[in-house]
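The letters A, B, C and D name the chains in turn, as written, and every chain counts its residues from 1.
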Amino acid sequence: MKITILTTGGTIEKTYNEHDGSLRNYHTILPKMLSTLRLPDLDVTYKKVVFKDSLEMTEEDRRRILDEVRRMLPESDAIVILHGTDTLSKTGELLHRELAELRIPIILTGAMRPYEFRDTDAVQNVTESLLAARLVPPGVYVVMHNRVLRFPGVVKDHDRLTFTKP
Amino acid sequence: MKITILTTGGTIEKTYNEHDGSLRNYHTILPKMLSTLRLPDLDVTYKKVVFKDSLEMTEEDRRRILDEVRRMLPESDAIVILHGTDTLSKTGELLHRELAELRIPIILTGAMRPYEFRDTDAVQNVTESLLAARLVPPGVYVVMHNRVLRFPGVVKDHDRLTFTKP
Amino acid sequence: MKITILTTGGTIEKTYNEHDGSLRNYHTILPKMLSTLRLPDLDVTYKKVVFKDSLEMTEEDRRRILDEVRRMLPESDAIVILHGTDTLSKTGELLHRELAELRIPIILTGAMRPYEFRDTDAVQNVTESLLAARLVPPGVYVVMHNRVLRFPGVVKDHDRLTFTKP
Amino acid sequence: MKITILTTGGTIEKTYNEHDGSLRNYHTILPKMLSTLRLPDLDVTYKKVVFKDSLEMTEEDRRRILDEVRRMLPESDAIVILHGTDTLSKTGELLHRELAELRIPIILTGAMRPYEFRDTDAVQNVTESLLAARLVPPGVYVVMHNRVLRFPGVVKDHDRLTFTKP
């Protein structure tokens, strides 16, 4: 099964800079994280599209994500997108609106706590997304915290720090 | 969603005894493992049925698992069973044969490396099983290593250390 | 052996806030870290004195640390102080200058990467400090990264991200 | 500072075999463990001497350890020996008896729980041994669990799972 993982940065990919104590999107942790999972049947391709805190994403950044998804659609059985949670819904709604007649699932995921932390939810969310990629019908989704939510209408629940579909 | 997790021991649940250096099914690590996952919508009940290396399981043990599954069926939306990998297929075939007209998924899982090890696959497999519990149609399955395999006909691949359906 | 651990915050004690993505001195991780070490002979008392990034420490904060060290001297066989690395040397020089005729070792330590990160050096540095507490003669020290450096004259090496005595 | 680490196997170095579920001395984890520590001033050489459960060590094995220690003495500032805990005292007494006029410390250490386990004491004990190597006078020691015990007369405390000097 061919999976394309597009990373756009966000909390899940923030790493620590020992020189100035900052926590930012410096480099992707995706290959490191994937190497800890056992995925014997997956043929994974990954690619950085934009790489930033999702609060700083512009409309142009979201367009680039959409363009990259379109480019990878023909050669993917599913696409997983790592994204900051603050504007993930915005990108999800755009993909849902623009990608009519999807043949495959597009799954957005992220984390409330960066991968580099001991108590991160990143590994859980990526593990779930890669499994959902096999099981859900075509559509645009958030997969996180044992939830599978389909666009349109998915929003971040800022109090409970997860996603929900009211 | 109501999930019942039945543990029967096996590699996933083996723990280390510092007094004699043995690695055996001493006590369940399930509550500890579940506490590291974010499962806001799951109502999880867990129960020890038998607790041993699956090579030592008797036909009577397997009957007790079947009986416990039957007892929990009416009050569960899905049942996940932790099981040693060596005879997991035997138990899966029994459940598949005896449980006609299933209304819910029964998911067997385990690990090649115990939960207590740094490089365990236990967390991945349980995360996947709890997500598959939401997504797959009624039936008896193995979920492990990003694979979802439905009984009958699932077997352990001893060379590649995973499950397969030839 | 009676050890007093005074925490003053700093990088070692920074924790992540999932609501706003900040990394700050919110609460001490000391009891959690100590519970992962085997210290059968140590009688450990710990206490928060000030709790902040050491760049924000005032002269008054440093005085409070000095006062607390003085108060704990009579009932301690050694004192370990967790401190931000940026102004640790300033506090160390003050303690060295003000505490004449020390009967016990005072050991300052910290971390380049907070305890909550997978690749933290916090556990190494605290482990080393608690062992040095048994072995070094009275005096004021930095113990970190397999180095034992005695004041006066210890400074942070900003390029190599450790402490040194030129 | 030049440190020689000799590994002889034992619990600290036991690793898991996924094919048969055994936990044995298959290969050294020493380079992996050392890579997680920050040791900017240490020049570390390591070498496998024998590699087994210390209950299976013969007098000849212990002689080989002694010979290897003798060979490395002239080029080391300290020697650390990883050893199974069950007969560590026997090897320690032999080294103490045979190595008169030591110029450097020889430190034996090990673990009650193998390095590959999440809750191992291996990292603590090696961290402590590498620091003690800088601080203790010449002699033969066990360093473990925040204890520094000098031969002769050090024994394993089987109830409390640590070393002691009665």
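Here is the rule we use: a residue touches a chain if its C-beta (ideal position, glycine included) is under 8 Å from a C-beta of that chain, and two chains touch if they have at least 3 such contacts.
Just so it is clear, the model here is predicted, and its values are computed rather than measured.
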{"item": "Third chains touching both chain C and chain A", "value": "none"}
{"item": "For chain A paired with chain D, centre-to-centre distance based on mean C-alpha positions, whole Å", "value": "45"}
{"item": "Averaged-CA centre spacing for the pair chain D and chain C, given as whole angstrom", "value": "28"}
{"item": "Distance between chain centroids, defined by C-alpha means - chain B, chain D (Å)", "value": "39"}
{"item": "Multi-partner residues of chain A (at least 2 other chains)", "value": "112, 119"}
{"item": "Which chain pairs touch, all of them", "value": "A-B, A-C, B-D, C-D"}
{"item": "Contact footprint of chain C on chain A as seen in their complex", "value": "11, 14, 16, 18-19, 21, 23, 53, 112-114, 116-119, 158, 161"}
{"item": "Chain B partner contacts - residues on chain A that touch it in the complex", "value": "36-42, 112, 119, 121, 123-124, 127-128, 130-132, 134-136, 143, 145-148, 160, 162"}
